[in-house]
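Letters A, B, C, D, E and F mark the chains as written, and numbering starts fresh at 1 in each.
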Amino acid sequence: MLSESIRPSRTPATEADLKLFKLIEDQLYTAAISDALDELGYRSQAMREFIRPLSPDDRFAGWARTLSYADVFHIPPAPYATEIEAIDSILPGEVIVASTAGSVQNAPWGELLSTAARARGARGAVIDGLVRDVKKIQCMGFPVFARGIKPVDSKGRGTIIDYNVPVECAGARISPGDLIVADYDGVIAVPSEILPSVIQMASEKVAKENGSRAELMAGAYLKDVFAKYGVL
Amino acid sequence: MLSESIRPSRTPATEADLKLFKLIEDQLYTAAISDALDELGYRSQAMREFIRPLSPDDRFAGWARTLSYADVFHIPPAPYATEIEAIDSILPGEVIVASTAGSVQNAPWGELLSTAARARGARGAVIDGLVRDVKKIQCMGFPVFARGIKPVDSKGRGTIIDYNVPVECAGARISPGDLIVADYDGVIAVPSEILPSVIQMASEKVAKENGSRAELMAGAYLKDVFAKYGVL
Amino acid sequence: MLSESIRPSRTPATEADLKLFKLIEDQLYTAAISDALDELGYRSQAMREFIRPLSPDDRFAGWARTLSYADVFHIPPAPYATEIEAIDSILPGEVIVASTAGSVQNAPWGELLSTAARARGARGAVIDGLVRDVKKIQCMGFPVFARGIKPVDSKGRGTIIDYNVPVECAGARISPGDLIVADYDGVIAVPSEILPSVIQMASEKVAKENGSRAELMAGAYLKDVFAKYGVL
Amino acid sequence: MLSESIRPSRTPATEADLKLFKLIEDQLYTAAISDALDELGYRSQAMREFIRPLSPDDRFAGWARTLSYADVFHIPPAPYATEIEAIDSILPGEVIVASTAGSVQNAPWGELLSTAARARGARGAVIDGLVRDVKKIQCMGFPVFARGIKPVDSKGRGTIIDYNVPVECAGARISPGDLIVADYDGVIAVPSEILPSVIQMASEKVAKENGSRAELMAGAYLKDVFAKYGVL
Amino acid sequence: MLSESIRPSRTPATEADLKLFKLIEDQLYTAAISDALDELGYRSQAMREFIRPLSPDDRFAGWARTLSYADVFHIPPAPYATEIEAIDSILPGEVIVASTAGSVQNAPWGELLSTAARARGARGAVIDGLVRDVKKIQCMGFPVFARGIKPVDSKGRGTIIDYNVPVECAGARISPGDLIVADYDGVIAVPSEILPSVIQMASEKVAKENGSRAELMAGAYLKDVFAKYGVL
Amino acid sequence: MLSESIRPSRTPATEADLKLFKLIEDQLYTAAISDALDELGYRSQAMREFIRPLSPDDRFAGWARTLSYADVFHIPPAPYATEIEAIDSILPGEVIVASTAGSVQNAPWGELLSTAARARGARGAVIDGLVRDVKKIQCMGFPVFARGIKPVDSKGRGTIIDYNVPVECAGARISPGDLIVADYDGVIAVPSEILPSVIQMASEKVAKENGSRAELMAGAYLKDVFAKYGVL
C-alpha cells in the first residue's frame, strides 16, 4: 500500500543543513519557534504534552522521516520487511517521526532500531507510541521522545503500514521533510516553505526575551516591561 | 500487505448454517451465550459496552468477515480499491466486523456499503468506529452496530489495511469465521471449534432462567430460587 | 467485611412514604429538586450524565438501598451469597443504588435481579455499572438507570463487598436512606435531614417556572421575565 | 471582556435565507455537505460523535450565534446578566452554538432558554455541554443537540464569558455567521464564503448517490457501481 | 467580569507568616498535613496526582493567589491586560494557583511570568495546565508544579477570566488565602480558619511516624507497631 | 471474604530462589523476558506503561504476593486489620503486587508499609494506584513501581478486600506466586509453570542482541543484521 514519496527529492543533509541544525540546537528553542509559527498563522505545529524526552537533555533538529504504524493481532508473513526497508533508507540529517494512532499495545522502537537509525545518520526520533530498552538508549546518547515505556516487542502487536507519507503524531500533522525541533519543552514541526521566516522571527523573539527577562529580574513590573518589549 | 486467508475454506452459508442462525436469533440471546462461553473458560468474547445497535430491534447471527482499518492523513492512490474488493467478496451468511483501532476521525461505514454488503448476502455489520447515513440504514432494515455517528467520509481519513485477518473489535479478539451474535445486550463472538457445546449450553441456560423467572415473579426469595436453579 | 447498617432503623415504606413518592413522581422533577438542593448548599447531589434510563419513561422516587461491588479476577467460594442476602432483605419503598467503582468488565444487574427486587417491593434501580437482559427489563416495566449495557454475567468478574454503607455512584455520594429521585434528566439524592425543605422549595420552583414559561411562550423577553420570576 | 462582534453586520434572516434553510433541511443532509466540504479542502467542519440530538427527528439549518461558557466555582454578582443579553439579542434565522470547554459540571441549557430563544426566532441549538428539562424540550419541538443530560442549573457552576466570537464546539471551530446544519448524522459548519459552492456540490453528490444506491439494491457489484458513479 | 476580592484584606506576608512557611517547609510535609485535614473532616484538599513539580526538590508554602483561565479561539483585544494586572498585584508570601479547566491547548505559564511573580514576592506556582520554558524555570530555582509541558504561548489559546476568586485546581477547590503546601508528594490546601489546628496535628503525626518508623526498621511487626502508635 | 490461598504451599524463598532473582536482576531484563513469553504464546504478561519506578534505578525479581484494594466512602470498623495481617505475613523473596481497580482517590502505599514489608523480606512493590512519602521511600532504597503520587492516606478512601488471590494490575493478570520482574522498561509477570523455559530463552535472546548491536554499531545495515541474528 506504499504511496509514492511525498518528498520526491529526498537527499542527505547538506553542509548548510547541518549548520542550520546546529544553530537551532544551540541558539533557539521550541518555545521561540512556536511563537514565530503562531505569528505566521501556523498554530497547530506543536505536539501534545505527553511526548517527553527519555533523557532530560535530549534535543535535536532535523528533517522529518515519517513512519506510520497500525496495531495487528496476528503475526503477518515477513513482519519486519517494510520496517527494515524504511530504516535502512534513512538519510543523514533525518529524524524519525513515528505515528501509531496512539497505540498502547505496541512498543515499536528500542535500542537496536536506535542503533541502526544512528548508523544511517539519524539525529533523533519522536515516537507517538511506546518504546523499550530505555536505559540502553540513554546510554548510547541517541535522543528519543516518546509517549511511554513498555517492555514488549512489536511482533504480532503492530506493523508499519507506510512511510514517507503525512502522519499525525501526538496531535500535530507532520509531512515528510518538515523541520522537526525537539527539546525539553516538547516537539514542534516547521513546514519547509516558511522555514527562513521562522528562523528569523524566532531569533528576534529570543533577543526580546533576553531584554525582558533582565528587566524583570531587576524588579520591573510586567506592565512596563510588556509595554517596552511586547513579549510575555 | 494482505495475508492469506485465516479461514482458508470460506464458503457461502449452507442451509444448515442458515437454520442455525435463525434458531439463535429466535430462541437464544447474547446473555445466555455469554454464560455458556464463561463456563467453557472463554471469558473475553463480548464486545465493550460502547458498541450499540443503530435501531433497537437490530439483531443477527452469522460468520465473521473481518476488515481492519487504520487512520490516514492524506489521500492514497486508489483509496477505495481494497475496500471494494473486500466488500464484493462477502459471502452469504457473513457479517462484517470492522476494526478501526477505535478511530474517532473516520466513519468507514454508511448506507452504500450497507446496501452493497446486503446485496452479497451479509446479515449485518459491527463497526468499531463511526458510521453515517444512519436514518437511511435504519430505513433499509440492515442491522448495524457501531461506536458512534458522524457525517464524514473515510476518504483521506482512513483506509482498509487488511481483511480476513484476526482483529480486535471493541475489546474482543475476533477471528474470521467466528460466529457473531448481536442483539440489544451487545455483541459476542463464538469460536467455531466450540460452537456445538455453546449452543447446547445456552439452550439449557435459557430453560433454567425461564423456571427461575416464573418463581421470582410469583414472589419467591432469591435464595430459594438460586438453590433450585443455580442461575442468577 | 460487612459494616453494621448506617441506617439502623430501616423499615418498610409507610403509607405516608408512598404518598410522598407518588407526589414527587407526579408533580416534581429532578431539575426542580436540584435547584432546591443548590439553594440549601447541597451542590453535589446529582449523578453524572452517563447514567441513563433503560426506557425513556422510567422514573421513580424511593429510599436508597446501597450495594457496593468490586471487580474480581477469579471465582470466589459462594460467589453470590452476600448478593442474595442483600437482595432478599430489600424493603418495600427502597431503590437499589449500586456502585462498581465504574467497572466496565462487570454487568452486575439483569432481569432476574430486577424481578427479585421488585418482588420485595423495590421501586427501581440505579447501577453505576453495566447491565444486561435489557429488553426483558423494559418489558417488565421495572425502571433501571445504568452506565451501559453488556451481555456478561458477574460471576468471576465482580463481587458485592458491602451493602447499606455510603457509596459513590456516578460521582455522587449516596447514603443508605437518602431519597433517590430519577427521571429522564438524571438521578439525584436528597439527604433525609433536609427532605421537607427540599420538597417545599422544589414545589415553589415549579410554580415559578410555569409562570415564566407562559410569558416566554407569549413572546416576552428573557430580561423582563427573569426580573419578574427570578428563574431561568 | 466582550469583544466586538466578529460578524458586524448581523441581520435577521431574509426570505432568501429561509428558503435556503428549507431547501437544505428537505433535500440535503450533513453527509453530502461534509463530502462537498472535503472536496474544497475544509476537512474539520464536522462536530465530534458525542453531540447527539435530543429527539431522533431533530434537524435544522441556520446561521451560527456563538456563546462561550466557562466553569465557575462561586456565584458571581449578576450571574445571568450577559447570558440574558446574549439570548435576548438572538436574530431570526440563527442557531445557538454553545461551547463549555467540554464541561461536565454545568448544564447551561434547558427548557426556559429554549423557549426564550425560539421566541426570538432561533431555529435550534447545539450545546457542547449538558442540558436539562429534556422531556419538556422534546415536547415543545425545539431541536437541540447536546453532549449529555444532567438536572443541574448553571448558577455557581458556569458562566458565559463571551458571545459572537469564534468558539470550538465538539472539536470544530465555529465562527459567528457560519451556516450550521444538523441532522441525525451530526452537526456540520459551512463557512459563509464557500456556501454557494457547497450547496451546489452537495446537491450533485445526492444525485449520484441516488443512482449508485439504485444499482446496488438491484444487485450490482460495488466495483462496477463505483466505476460508474465515483461515490461510495 | 471581575468579582470583588473574596479575601478583602489581602496584605503582604508578615514576619510571622514567613516563619510559619519556613517551619512547614522544613519540618512538615503534605502527607502529614493531609492526615490532619482528614481528621478534621476536610477530605478533598489534595490536588490530583497529575500535578507534578518541574524539579524534584521543588517545595513551598504560601497564601493562595488564584487565577482562572479559559480557552479562547481568537485573539481578543488587549489579550494580556488582565493577566498583567493580576501578576503585578501579587503580594509577598503568595503562591500562584492557576486553573485552566484542565486545558491541554494552552500553556499559560513560563519563564517570564515566573520571573515577574518572583520579583513581586511569590513563593511558587501551581498551574493546572501546561507550562513552557521549563529548563529556564529550573535554572532560576522558582518552584512550579504543573499538569504538563508544551512549548506554545497562551495568545489566542487562553485568557484569564478572573482572579482572586475560588477555583478548582486539579480536583481541589481553592479559595484565595488558603495556605498552599507543595512538595514531592503533591499539593494540598489548608483553609485559613483551621490552620492552627492543622499545624498542631500534623506536627504530632510527624512525631508518631518517627517512632513507628524506628521500630519497623528494627524488625517489629506492623500489628504491634500500629497498636502502639496508631499510625500506618 | 478472604478466599483460601491460591498458592497453598507458599514458603520463604530458598537459596536457589535468591540466586535466580540475582541472576535475573544482573543479567536479564524485562524486554528479553517479554520476548521469551511472546514466543511461548503468553502475550499479555507486561503491565501498562503508566506503572513507573519511583527511582530510575529501581529493579527487582521475586514471587508475587497479591493484594486487592477497593475504594470506600466511609471508615469501616477496624479499617486496617486485614491490611496489617497481609503485610505481616509477607514471606522473604516476595514482592507486593497491589491492585486498586485503578483508583485515583486512594494512596494505599507509603513509607511505613515499605519499611514493614522490607522488614519481612519483601524485595519490592508494584502498586497499581497512588503512593505517598516518595522521597522517604527513595531514601530507604526500597524499589516501588506505581501509577502516581498523592499525599492522601487510605483511611476512609480504600480498603483491602482480599489477598493471595488473582488480581489485575495495570492491565496484566497476576496470580500469587508468579515471578515478577521489574526494571526501567516496566513490569512483567512469569507464570511459574513456564519459568525455566523463559529464563533459558531470555538468556539466548540477550546473547543474540549483543551480536546484533555490535554489528549495527559498526555500521551494518539492518537487513543484513536481521538476516544473521533474527532479532530486532
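Quick note on the criterion: a residue touches a chain if its C-beta (ideal position, glycine included) is under 8 Å from a C-beta of that chain, and two chains touch if they have at least 3 such contacts.
Everything numeric in this text was worked out from a predicted model, so none of it was measured.
Each step here moves to a touching chain, and the least such steps from chain A to chain C number 2. Among the remaining chains, those touching chain C and also chain E are D, F. Graph distance from chain B to chain D, where chains that touch are one step apart, equals 1. With angles rounded to a multiple of 5, the C-alpha fit of chain B against chain F returns 180 degrees of rotation.
As for how the two copies chain A and chain E face one another, under half of their interface residue numbers coincide. Farthest chain from chain D (centres taken as the mean of C-alpha atoms): F.
Note: the chain lying farthest from chain B is E, by mean C-alpha position. To find the repeat of B-D among A-E, C-F or A-B, check which pair has over half of the same contact pairs by residue number; it is A-E. Between the Cα centres of chain D and chain E there is a gap of 40 Å. Separating the centre of chain A from that of chain D, both taken as means of CA atoms, is a distance of 37 Å. If you average the CA atoms of chain D and of chain F, the two centres end up 50 Å from each other.
Contact of a single residue of chain C with at least two other chains is seen at no position.
Under the contact rule defined at the top, the touching pairs of chains are A-B, A-E, A-F, B-C, B-D, C-D, C-F, D-E, E-F.
Listing the residues of chain E that touch chain D in their complex gives 1, 3-4, 6, 68, 70-74, 76-77, 82, 101, 103, 159, 161-162, 165-168, 173.
Listing the residues of chain D that touch chain B in their complex gives 29-31, 33-35, 38, 43, 46-50, 52, 183-186, 188, 209, 212-213, 216-217, 219-223, 225-226, 231-232. On the chain D side of its complex with chain C, the touching residues are 80, 83-85, 87-88, 104, 110-113, 115-116, 119, 130, 132-135, 147-156.
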